[in-house]
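One structure below.
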Amino acid sequence: MILDYAYVGLFLLFGVAFVAGALIVSWLLRPRVPDTVKNSAYECGENVRGASWIQFNVHYYLIALIFVIFDVDVLFLVPWAVALRELGLMAYIEMLIFIIILVLGLAYAWKKGALNWQ
Amino acid sequence: MRQSDIFELIKLKFPQVIQDELTKAIVVPGDQILGIAGFLNSAEFSFNNLHCLTAIDRKENIELVYIFYSFKIRLQITLKVCLPVDSLEIESLTNFYRSTDWFEREVYDLFGVKFLNHPNLCRILNPSDWKGFPLRKDYSYPDFIKKAQY
Amino acid sequence: MEVNVVSQNKDLYSEEFSINMGPQHPSTHGVLYLDLRLNGEVVTDCVTHIGYLHRSMEKIAENRTYTQFIPFTDRLDYVASMNNNLCYVLAVEKLMNMEVSDRAKYIRVIIAELNRVASHLIAIGTFAQDIGAFATPLFYCFREREKIIDIFDEICGNRLTYNYMRIGGVQFDLPKDIDERIKYFIKYMRSKADDYEELLTNNIIFLARTKNIGILSKSAAVSYSITGPNLRASGIKWDLRKDEPYLVYDKFQFDIPTCENGDVWDRYKVRIEELRQSLKIIEQAIAGIPEGPAVVKPGRIYKPPAGEVYLRTENPRGELGFYIVSDGSTCPYRLKIRAPSFSNLAVFSELVKGVKVADVVSILGSLDILMGEIDR
Amino acid sequence: MAVIEKIPGSQLIHKLPGGGIVLAASGSVFKWAKSSSLWPLTFGLACCSIEMIAAGASRFDIDRFGSGVFRASPRQCDVMIVAGTISVKMGECVKRLYAQMPEPKYVIALGNCAISGGIFYHDTYSVVKGTEALGIPVDVYIPGCPPRPENLLFGLMKLQEKVKKERYAAK
């Protein structure tokens, strides 16, 4: 039993090592010539005007939330779609229920007007 | 309907108007430009389109050239205003024609003619901190241009 | 830092966000700086800054003889160089009331209309690319444009800035087999224009991005002295080639495409129709071209009599006008270039208020401006 | 300053028999990778930009040399193709864009105006006489007004040779 978890741990370790390795090698090899103008924000060639930490419209947050819901939705769909043939009919019905709940969520957001910009 | 007929009609209402013999342009005194623009813009001629506005530096005075066009009677007329070099002010026509906004900013930028109560009279082609008016005949080039030719 | 609160909905206020759609931007068609003020996605204000390509053409003109200034007119509207040459050369000829042979007039019409087709191709290609059809229309349009460029290469040996028209005629006569090539091109281009219509015109996404966006009313168009396809898209049937014919345009049958409500889709539609009309003109011009002298011997110094002239011709982007004041010497005393894109762009900040950011790019692409002639 | 010396283990690699070969081999691999994917910055100023787009289009196809990806922001670019006349007002923007590009960066001056102001050299008050006058080091000059797309492709090949020949160091 424990051994199965070892595989997951090994897989996790390898994932982290792979990403960290790429970052470290590129950090080592790339030339670093820091410069004040280079670190300034890029604004199409003009100098920066106005701050970026401003209180922008709240509607962006709403749209980001709706995106996160359906992104997680896809996250669950992919492994299910890959193993659908072995899982059989029951898994299919369960996933349908899951999708219907999400579609209800979308319909609610749509009717409340969260999707179109005011 | 020729330019000279328009000139006769304007002559009736604004007596100081004269016609330049070489170019047939209608020379108008500076302070009456608003009245004449309103007259031209009236329904009968409907010169509702200022096609081009430019200036000519004649050393002792600057000639402003207004070219109007009317779709209704399909005629193009040229109006000229002579401004003495020391007092370069004239009324702005932005409330008659929206296109004069940029035309006048360009003439101000290149010749230095100030247009009174213009929405935002500032340089349009040159950087805002540019010194001098480039298209004047007596304009001397800025020094960094000479320095650049190493 | 002044904070102007933009919208105060029930419980949360949001500030105005100002971004630079600056001089270096893929979809500003050159170096144009738009200072956009946004409330969320909706544009509240737009300040247009131009002058990033100001090359002081009018100052140069005062120190060049009349023939020396012709290559500079190529660099004004560098996508339709032949039409600029044509307008400048016609203005100088009118100043010197000089007559030009019929063959030269026919050659000028053929070349100007071919260049109009090339310019409209670029306008449609970059406009479709800005809207989101990323590379396909642009590569199609450039493939057709290369065919026109080959014809120009054959005629005057250059790809973009031709310096082909001369005061009193043209630089070289048309090569012998050029009319077969042009006839083949016309047949080829007609089928391609229908392909573009199939690809773009009734495409749902294209309609969603262009229908009823950036509507330019008739009165605003006239008051801003907009000219060219943008004016015709607003419903005013005005084209210098028909209403004030110059050269030999009055000998040809072609009609002026206009649309009604002047939105972004109409401006695109007028350009595609105009492309077809230009092909019709070229066809008739090729058929009716007379024999005769057209080439001008180089080396003559022109000294026009003192006087002024203002002449306009129908450029692909609008009415290009040259106001030349000559004082009898070899160089013009003053030369003003009335660029069509200059006033076409002036209306932009008014069209853009209250529009979403994505439509800013769509409206700018449909106005088809070009910074070379705006900044002169 | 060569980056290789900064790697902690690099002294160790030199002592190993054949260590130099490993370093030299990796240097040429980096140079080959760098030279065959020079991403240009979309930076069309004037007429030369139309010829640059034509070079990017299907007939001349700059993609065969790996630099068909015209990036809009300087952060993701390796080469800045200055295509057109630099006016005084645009001068600071060009300098700022060059400064904002990450380090292995190169500059191609496309057309006479970018080399020396071209036909706008005399009697102008608002044209900077070439990219060098702005203080930007230029790697490849491509004369022509505007240069044909084949010239741009040849200039790109010259730049690739230059990238391959230079010692692997932060430029």
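As written, the chains take the letters A, B, C and D, and residue 1 is the first residue of each chain.
The rule we apply is simple: contacts are C-beta pairs under 8 Å (C-beta built on N, C-alpha and C of every residue); 3 or more make two chains touch, one makes a residue touch a chain.
Quick caveat: nothing in here was measured; it's all calculated off a predicted structure.
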- line: Looking at Cα centroids only, farthest away from subunit D lies chain B
Query: Busiest chain-chain interface by contact pairs, anyone?
result: C-D
- request: Indicate the whole-number Å distance between the mean C-alpha point of subunit C and the mean C-alpha point of subunit D.
  value: 32
Task: Report, in whole Å, the distance between the mean C-alpha point of subunit A and the mean C-alpha point of subunit B.
output: 59
Message: Suppose each chain is reduced to the average of its Cα coordinates; what separation in Å results between subunit A and subunit D?
response: 35
Field: Euclidean distance of C-alpha centroids - subunit B vs subunit C, Å
entry: 25
Task: Enumerate the residues of subunit D that touch no fewer than two other chains.
output: 89, 93, 97, 124-126
- prompt: Out of subunit C, which residues touch more than one other chain, so two or more?
  reply: 22-25, 51, 54, 56, 59, 375
Field: Of all residues in subunit A, the ones touching two or more other chains
entry: 45-46
Message: With touch defined as at the start, can you tell me which subunit C residues reach subunit B in the complex?
response: 50-51, 54, 56, 58-59, 220, 222-225, 236, 238, 243-244, 306-308, 310, 312, 319, 321, 323, 325, 333-334, 336, 338, 342-343, 346-347, 350, 375-376
Message: List the residues on subunit D that touch subunit B in their complex, please.
response: 88-89, 121, 124-126, 128-129, 133
Message: Looking at the complex, which residues from subunit C come into contact with subunit D?
response: 22-26, 30-31, 51-56, 59-60, 62-64, 71-72, 74-75, 78-79, 122, 138-139, 142-143, 145-146, 149, 159-161, 371-372, 375
Task: Spell out the residues on subunit B that touch subunit C in their complex, using ranges where they run on.
output: 22-23, 25, 48-52, 54, 56-57, 65, 67, 69, 71, 74, 76, 78, 97-99, 101-103, 106, 110, 123-127, 134-135
Task: Could you pull out which subunit C residues touch subunit A in their complex?
output: 1, 3, 7, 9, 12-15, 17-25, 33, 35, 39-42, 356
